[in-house]
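Shown below is the structure under consideration.
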Amino acid sequence: MLNGIPINFYIMLSAVIFIIGVIGVMARRNAIIIFMCIELMLNAVNLLLVAFSTLHNDPSGQVFVFFIMAVAAAEVAVGLAILSMVYRNFKSIDIDLLSRLKN
Amino acid sequence: MIKLVALIPLFPLLGFIINGFFGKKISKNVSGWIASLAVLASFIVSLLIFIDLEEHKEMTSHIVPLFSWINSDTLKIPFEFLVDPLSSWFLLIITGIGFLIHIYSIGYMHDDEGFSRFFTYLNLFVFFMLLLVLGNNYLIMFVGWEGVGLCSYLLIGFWFKNTAYNNAAKKAFIMNRVGDLGFLLGIILIFVTFGSISFDKVFTIASSGSEATVTAIALLLFIGAMGKSAQLPLYTWLPDAMAGPTPVSALIHAATMVTAGIYMIVRSNVFYSMSEDASHIVAVVGVATALFAATIGLFQNDIKKVLAYSTVSQLGLMFLGLGVGAYSSSVFHVTTHAFFKALLFLGAGSVIHAMGGEQDMRKMGGLKKALPITFVTMLIGTIAISGIPPFSGFFSKDEILAHTYEHSPTLWFFGQLASMLTAFYMFRLLYLTFYRKFRGTHEQEHHLHESPKTMTIPLIVLAILSVVGGVLGLPEFWGATNWMHHHLDSIIVQKNPSILNHTKEWTLMAIAVLSAGATIFFAYMVYMKNQILPEANDAKLTGIKKLIYNKYYVDELYDFIIRKPLDGISVVFYKFMDLQVVDGIVNGVGSAVTGISFVVRKAQTGHIGLYIFGMVVGIITILFFTFIK
Amino acid sequence: MLGYTITQWLFGILSFLAIMFALMVVFTRNPVNSVLYLVLTFFCIAGHYLLLNAQFLAIVHIVVYAGAIMVLFLFIIMLMNLDADTEPQKHIGTRFIAGIVGGVLLFVMVGALRGAEQIQLVQTGSSQIGLVKNLGKVLFSEFLFPFEIASILLLAALVGAIMIGKRDTNINSKETTNS
Amino acid sequence: MLVGLLIIIPLIAGLLVFFTKGNTSRTLALSLSVIEFILSLVVLFQFKHNPESQNLILNCSWIESLGIHFAVSIDALSMLMVLLTTFLVPLIILSSFNTTYEKPNSFYGLILLMQMALIGVFTANDGFLFYVFWELALIPIYFICLIWGGENRARITFKFFVYTLLGSLFMLVGFIYLYNHTGFDTGIKSWAITDLYQAGKSLNLSQQSFVFWCIFLAFGIKMPVFPLHTWQPDTYVTSPTQGTMLLSGIMLKMGTFGLIKWLMPMTPLALEKWGGVAIGLAVFGIVYASCIAIVQKDYKRLIAYSSIAHVGLIAAGILSANQQGIQGAVMQMLAHGVNVVGLFLIADILMRHTGTREMDKLGGIRNMNGNFAVLFLIVMLGSVALPLTNGFVGEFLLINGIYQYGAWIAAFAGLTVILGAVYMLRSYQAIMLGEKRDSAIAFGSLQSSDKWVLYIICITIIAFGVYPKPLNELAEEGTKLIMMNLK
Amino acid sequence: MKGLFIISGLGILAMLAEIFKFKKLLYPLVLMGILAAYAMNFMEWNNNYDIPMFGNMIRFDNVALAFSGVILVTAFFWFILANDYFEHDHITDHFALVLFALVGALMLTSFSNMTTLFLGIEILSIPMYVLAASRKRDLASNEAGFKYLIMGSFASGFLLFGIALIYGATGSFDLMAIRAFISHANGDLPAFFYAGVLMVLVAMLFKVSAAPFHFWAPDVYEGSPTVITALMSTIVKTAAFAAFMHLFLVVFGGVSETWSMVLAVVIALSLVISNFTAAAQQSVKRMLAYSSISHAAFMLMAILANNRGWASINAILYYSLAYSIGSIAAFTVLYNVSKARNSSNIEAFNGLGKRHPFMAACMVIAMLSLAGIPVTAGFFAKYFVFSVLIGTSFKWLIILAISTSAVGVYYYFKVIIAMYFKSEESPEEVTMETSHVLLLALTALFTIALGLVPNYVIEIFN
């Protein structure tokens, strides 16, 4: 029990958010939304890490979250740069249009 | 003296080498005489050895080792010769008749372009034939056995431009190989059973083998003999083998090679004596062949074919003799048969020579005057083969039939029948060829001439031998000594003394002579008195005549049950099994790879959505099988 | 209140909202709205952080995500002039299947994520680990190496973003890789 | 040390030849291969006089941690195989003198490299080394067939390559499996052949069966045994004549040699259990390939199928696992190597002189060239194993050995005696006999290099048929060694 | 350890080069730096074994040093290959990015904490995303970068979720601690720990591009500039395998029953899909991409044989070295051919044997090595894998691997056949810089030498 809330609840909550992110990645065609859904997945992980950190009373979990945030920021920066480049060339960010490389 | 035995095959081998390498460079006569002299030298050595052996009766068999040939652990096969009464006798026949035929060939083949080649082959043949009888173990015998087969192949197909001759040669070789396989397996069975294949070792311990094994050995060896000696059902090659030059027919396909089967069985008489069943089969096959071939001989028009069927028939009689245990009688008949059948063939050759290559008796006739020597000698040969006393054929044939009667009157009856038929077709041959008026073309008539001396002298020598050959085995109930019987005494383990009373023997003899006389008279009635001629057109023959004229359609039958299926199976194996099934599977794997590649490749659509989808399904599957299942 | 503590109530409400907003992120057609819902989700998650005594993290979370990353997203969306009308939609079947697969994944996850009951509880309630002082201590001692190396990461991202973003002066294509 | 030279000389020779040009390459290749032959005679001399000599053994560590040694040595069996190789390679090179190949330096270089690998295979005493040489032998021949081959060569040689490579990979697996079971008592794993024997014998039946089939697959493909043979006729037909000679004359023996020396002593239990199946395949292959040979129209393809039949008999003899069978197989390997080279040379001569190998289009060549007819006849007789030719000794011992395994199988295998005569005589008749045919008119006389090769082959055929003792003694000795290991 | 810092410094230096105008000097500086890093690496051998660095975040034991060595050698070769690639205006950016990626790769060989693992992966990946997309006007390059980015981040999500679950179960990010926890727990672990392990496994399988997580690889490999593809299929792959091996052989070896069956199935699937698809390719570049999946499957087989200890590590080390060198050679030839003929299709290789015998010969050696024919390095690579796997219960995988590698021979030999037996259609001269000639000679030599005397690599840990 953390603050009276079973750890299972946190696990389930982050699993659900994580899966919503996964569904989003699968269900959308807009690259930006897909990106956002990946952020959603990362946040689910962050939540889980913090919950475990509190559970174990161990700060390293929270420190790890910092790194995830840093990575997420870096990824977003690079990702959005690539996205805007793709948009410049394709005039769209529809992932289904990006299928020249195949077979 | 005995040690010189190695020289016997060496002379023909030298002749073969000289003619083979230098034949084209030396003149025809020289090469012919080199070959003949080589055989003569062998004959002289053989004679010396034979005399030597006769003089020192205390030791009848001598082994002359040469070198060790094949060794494999317990299987030791030295290259060594065996000199004993049997082999020494056969040496005399081979080199003696061989020499005469060589001489004859000088004249007969004189105009042929392959003259030196012919003598090369002939010498090689003599070499292998000598190996066959000299070897002290079955494998050396086999070497000679196959070697003479090869020479037979080469000589039948001597005129290689002719496709029919080539086919005959091939047929002879392949059919012989069928027998050879049996022989080979027999040899191996002997090794497996007795641990050796040397005659001296095997025969001393032969009694240790079980009867079933010995029967198997005997039958396997007999399969070999069937092939080489043209017995049912492997006889069809021999009539076809007449495609070769006539001296070849005389030497190989009458006097020597075809009797190799008899030599082999006499050599292995230990096994046949032990196995009742095997002997019985030999006798039955022998008599069946004798009768069967004799009937075919009745209606043949080709002079050499008649002689060929006659040879098959006579060989059948010899096997009958072997089957009833009369080994020495068979050897006796081999000897006399060698004399008169060689004589007949050479005579026929002389006729063909005179006729300019014509072999069809329907186109001959009245040659008596043109070819007096040939006629007389052939007449002697015909009488001898028909079994008229006191010519040699009478004695040998009578001995076999007497032993057969002792063994089984039924077999005797058929043997006697075959013998009667022999007299008929032989006199038919004589009448059609030498009597009545000439039926050939005018040109041929103009061309008729007696053969040169090189050809007639062998004829005369053989005629003399055919007349007096009977002294080798005079019937013992006449009070005479059967020399042949005594000579081979040490070779034959199970003696076969006559148990018939004299009356019976006289009766049998009388039946033989009377039936032969009657048949000759019948032939006289048909061909001389009634002037009947064989149907000129083969197609007009009907009924049983047609059946027999066409040799009971045995060749066609073999074609139908062996060659066609073999070709059929081969085509099925090749076109279907190999190209479709086996290779098809291999190539199928190849195309399957391509096919799968194509499909798998399609999964790579280029859509990120699908890729993610694939990943997620992968994850679900992993988790599912790990945790839920 | 119905036997639940305030924390529990708060947890329930925040969880419900977080999931709701998350779903809205996925299912709203207009990208701008999606971003806004995402921001709301982040706020809920920040709330959870507070509940878990991770106060500093909650603040950083708001600042980094809602303040920086999301603004970046909005900015790009505005730049590309995306809205509901231009938003490409997946085929309905695809979306349906995506939903089903997601459901199955959830089902499997629930099966996989059992076993938390066994975890030994170390302590409850008033944890101090979430404070700046504690985190800083850990970060600069134990996690010094990752902290330093993270700078490489950020530098790489920086260089990368600049390189991609910079306009080309010449076409650097000697080879074609089209086929 | 001598044995090391045996391997190194062809390697150096091959590399040297690569740097020559035109006719120099073939002269150089010929002379170097003759030197190699002379060297192998020296080795033979040494072996006869002092089989224990250090000159015949080379053993240095290669990959210590895996127990892999560069261990080669000469025993009776490998002596024979080395002699076969060194004898045939000069002949094969000589036989090429009337054909101009593009890039002759690569051609002859590859042949010599191939020789190196083959000698390596035959002398290796270390399982791993054996495998490496085994694979090495594949690469030169692949390129020989690919670069200088005939129609469809890319597809056909590729099939050959994949087939044999697949097989040898399975062999590698079998060997690794054995290797993993070595050194139970010492704890040191080793690839030495004796250790592999021991490891194999320590396995139970099912483990041995796994190893047996893995390794048999490789050997079976190489030989090839029915039904793994379909790469062979196409490859033989497509390859340049010298490639075909290498493939059939020597390379095929890698499979049978491997069977004798590497497989059988390792898996005695499996041999007992599965030997019958393998013999069955081999014996069926004899009749099957013989029948197919009968209906072939292309002479080269006919020889290819006849080779399958011959090797089927060899394999059956080996698998019957008795002295006569194995010794016969060794003798027949030597004989077949010589004869088949002769036959393929004849096919090549026909092709060069008449422009076709289709037997329907040939005929009557004997009219034009009696010498050739005689040489052809002798080679053919060797191939149908007529007594007093080299083929006979082996065939007799083989049928003898198989008979000891099973009388009926031997009778069935013995059909090769008949069928071999059928297809050989048929082809001889179709090509040489009869009236002249148009295609044959321009046959002319043989070139001297062809003549010499055929002379040498014919002399060998007869000499070792009449007096096989020198080879037979070695074969007997080698077989006894194997039989000892089988127990 | 010091090598890592040298490479980091080099990266930062590269960034500064543009500002301080020493672009020309940069290339030799980088080569020298890599050599220096390699030298440092070499000197650390056996020195600080088992001394944890920085709170046990990173640990350069011998295994890490060995893999770092492979990476540095490959990197050196790669820089020679890529020398003219750097001639355009973004030279410094590219240098910096590649060097940063190298830092990530080195971290992946030496991490001993989940944090460093994660950071290493990201430091390696983020520059790669950018480099894949670095050909800005080229739509294929754009698409490649984009696909790589999306899928890479998605996989990172799973990695992090897995790490979080493992952290939850064990209470630590430290690998040694996790390992100790596993061995103490004696199988009494919560189910979600296993789920975490599997999710990490999935993420790692994605990184090494094993089926069914391989989809990104062919597209990205094909779309990226050829030199970057070479980088991805060598250094990135080696680093990913070093990480994979460290995680699953060392840390999660105790719970191998959870993942070994999964891994076996993944290997089987990879072998089949990669080889069969590669056989159908027309583009050599794409074919090499698929073949890299098959090689990944082989290396995974060594990991699967986790009860073989050092032998497995040796096998992976050797395999990655052999494969990296072979790939570099193949990509060098491909790069030059496609530059001259403007196509990376198989037809572009037609007649190369005549046109440029040296290049063709080196390509043959590379292809033989990749196909695993003795006595090339590739053969021993496969041999070691088989020899570790044959003692396990996964013998069926060997049979499958052999069968599919026959297919592999097919597509590698397609190149050889094209080079020697197809007449060329395009008359363009294929030329090559001296540095590339040297590089090819070096790689060919290495390949043969490694095949002849594999001892020096294989006995490295003994």
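Chains here go by letter, A, B, C, D and E, matching the order in which they are written, and residues are numbered from 1 within each.
One rule holds for everything that comes next: a contact is a pair of C-beta atoms (placed from the backbone, for glycine too) under 8 Å apart; a residue touches a chain by one contact, two chains touch by 3 or more.
Worth saying up front: this structure is predicted, and the values here are computed from it rather than measured.
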item: Any chain that touches chain D and chain C; value: B, E
item: Centrality ranking, top chain (CA atoms only); value: D
item: Chain pair that, of all pairs, has the most C-beta pairs in contact; value: A-C
item: Chain at maximum distance from chain B, centres defined as averaged CA atoms; value: C
item: Chain A and chain C, separation of their C-alpha mean positions in angstrom; value: 5
item: Approximate Å spacing (C-alpha centroids) for the pair chain B, chain C; value: 101
item: Whole-Å gap between the CA centroids of chain B and chain D; value: 37
item: Computed distance of Cα centres, chain E from chain A, in Å; value: 26
item: Overlap residues in chain B, where contacts from two or more other chains coincide; value: 601, 604, 606, 608-609, 612-613, 616-617, 619, 623, 626-627
item: Chain E, residues touching no fewer than two other chains; value: 115, 119, 122, 126, 129-130, 133, 136-137, 139-140, 147, 150, 154, 165, 168, 191-192, 194-195, 198, 218-219, 222-223, 280, 410
item: Contacts with two or more other chains, residues of chain A listed in rising order; value: 7, 11, 21-22, 25-26, 29, 35, 51, 55-56, 58, 60, 63, 67, 71, 74-75, 78, 81-83, 85, 95-96, 98-103
item: Interchain pairs in contact, sorted by label; value: A-B, A-C, A-E, B-C, B-D, B-E, C-E, D-E
item: Chain C - residues contacting chain E, complex; value: 109, 112-116, 118-119, 141-146, 149-150, 152-153, 155-157, 159-164, 166, 168-179
item: Chain A residues within the chain B interface of the complex; value: 22, 25-26, 29, 95-96, 98-103
item: In the complex with chain C, residue positions of chain E that touch it; value: 8, 11-12, 15, 53-55, 57-58, 88-90, 93-94, 96-97, 100-101, 103, 107, 113, 115-116, 119, 122-123, 126-127, 129-130, 133-141, 165, 168-169, 188-195, 198, 222-226, 282-283, 285, 335, 338-339, 342-345
item: In the complex with chain D, residue positions of chain E that touch it; value: 368, 373-375, 379, 383, 386-387, 390-391, 398-399, 402-403, 405-406, 409-410, 413, 417, 420-421, 453-455, 458-459, 462
item: List of chain D residues in touch with chain B within their complex; value: 159, 163, 226-227, 229-231, 288, 291-292, 294-296, 323-324, 327-328, 364, 366-367, 381, 386-388, 392-393, 396-397, 399-400, 403-404, 407, 410-411, 414-415, 417-418, 421-422, 425-426, 429, 432-435, 467-469, 472-473, 476, 479-480
